[in-house]
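So that we are looking at the same thing, I have put the structure below in structure tokens.
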Amino acid sequence: MSKNKDCLHQGETQIRVRYGETDQMGYCYYGNYAQYFEVGRVEAMRELGMSYKDIENKGFMLPVSTFSVNYKAPALYDDLLTITTRITDLKGVRLCFEYEIKNEENRLLATAETVLVFVDKNTMRPVLPPDDFVTILYSNKPELNAE
Amino acid sequence: MSKNKDCLHQGETQIRVRYGETDQMGYCYYGNYAQYFEVGRVEAMRELGMSYKDIENKGFMLPVSTFSVNYKAPALYDDLLTITTRITDLKGVRLCFEYEIKNEENRLLATAETVLVFVDKNTMRPVLPPDDFVTILYSNKPELNAE
Amino acid sequence: MSKNKDCLHQGETQIRVRYGETDQMGYCYYGNYAQYFEVGRVEAMRELGMSYKDIENKGFMLPVSTFSVNYKAPALYDDLLTITTRITDLKGVRLCFEYEIKNEENRLLATAETVLVFVDKNTMRPVLPPDDFVTILYSNKPELNAE
Amino acid sequence: MSKNKDCLHQGETQIRVRYGETDQMGYCYYGNYAQYFEVGRVEAMRELGMSYKDIENKGFMLPVSTFSVNYKAPALYDDLLTITTRITDLKGVRLCFEYEIKNEENRLLATAETVLVFVDKNTMRPVLPPDDFVTILYSNKPELNAE
């Protein structure tokens, strides 16, 4: 589990570009990156100790509120991509992520940011995250707590 | 609303191939046709008088049980496709559909069949369809009922 | 064809949310909006008089360079969405778009921006857009030219 | 590398169901399995010694000609699926695959078959596979050659 001064948690995961994810330009279609970032944050949270599925089972949902991506170079068919995901902040009901995608030559292909919002499944209203998630998130980052 | 000797209901709808649905061959990716057939049956049911959404709101789900498709010629980017959908049979809990996709030159690109199963949302078990759906389905086909 | 003080061209198109585009939250998955915005700009360009396909046939590609989206309320299954697309600027090799998605109750669900880059298909390098595209784009906007 | 009396090659690969692949039933959408089978055959061919990408680089394409799938039980969000892919036959220009998908409880979720056709990228016509692919395919199966 990675620790980093600038974020609460950092994880890495790999994804191979599927044929069905390419378009007729021969690029990975720009819309498919959203799923890659989803995989990035899901694996980062699993590694942290509380999976996205766990959070849903506790009665929460985490819809995406804002999403921005900067495409620097195309991902191509069969490329094995490395997605670096950082949980950068928890601000009330909002959980903030940053992402980088690199290919096997270590070339930076894309950077992105998303903000997700904790929502109560019953009321469908924004709600503070479960306590144990907060505990895990900050216990993972003792240097920050010490400051 | 179309009537046809060989089926309970027949409908037509049009879909334009999106850029994100092409692959690097320059073809519409074979996996995207499943969504096209979904649109075909959803619009056929809406035209029949009971939408797929109505059926879900009555407490039913309609997962796909079997799906087969025969790709005859590629659909290409920006092609305006015509999907002909036939509801061919209702056998107990199973609802059977057949499909044809043609392009603007009236060339047959694909044929397919699906079987969907009525499932009770609470028990998650196969269940007979709602009575009013059956009534609509057969009242739409007086010639068949008369035979 | 719509004219507007604040943009070079504005178009509207409609999309119905497919079942396969929902996720288990019951929302249209956040990643599927990229295809909706693609349809928005493709139809806006077709209406302008030069389709995206025409531009590819002239030897250009238009990959997306940056994409940001603000999700305000969920799009739901079977919602008939109206996508308003504005071509806001042509800056050298870059073509800028803004989007709004509303549902049938006229509720604003999402806003977004993309920047696309004209690329030469042979050299794979950024290149100025074809002259006739520029002509069409500005002839569509006499008020701006007059300023 | 697996050998099996009933097929030319057998491979296994794993895929985790993404959130964006679920639908509002809470199931993996039926249309997304096509990508899973694609990953299954791509990894089976890579393991065999000639990747799908290699084949495209030699001037061939492999569009899908027929596809049928039998859905037995739903794949759910975050399920880690095991896809078993068998190359069952090479008949002239046609390459035949069979698939099974099981979840972590070893429950069989789906079976499927596809037929792919070797196509020459230049002529866009069906063509016999490259010799070295045939050699690899059969050298992988000495028992069959010996019969």
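Letters A, B, C and D mark the chains in the order given here, with residues in each chain numbered from 1 onward.
One rule holds in what follows: a residue touches a chain if its C-beta (ideal position, glycine included) is under 8 Å from a C-beta of that chain, and two chains touch if they have at least 3 such contacts.
Keep in mind it's a predicted model, so treat the numbers as computed, not measured.
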Most remote chain w.r.t. Chain B, using mean C-alpha positions, is A
Larger contact count among B-D and C-D belongs to B-D
Per the C-alpha centroid definition, the whole-Å distance linking chain B and chain D comes out as 26
Chain centres from averaged Cα atoms put chain C and chain D apart, in whole Å, by 36
Note: chain D residues in touch with at least two other chains are 19-20, 25, 29-32, 34-35, 38, 77
In the complex, chain B touches chain D at residues 25, 27, 29-35, 38, 61, 63-71, 74
Touching chain B in the complex, chain A uses residues 19-20, 22-26, 29-32, 77
As the complex stands, chain B meets chain C at residues 16, 18-21, 34-35, 38-39, 42, 51-53, 77-78
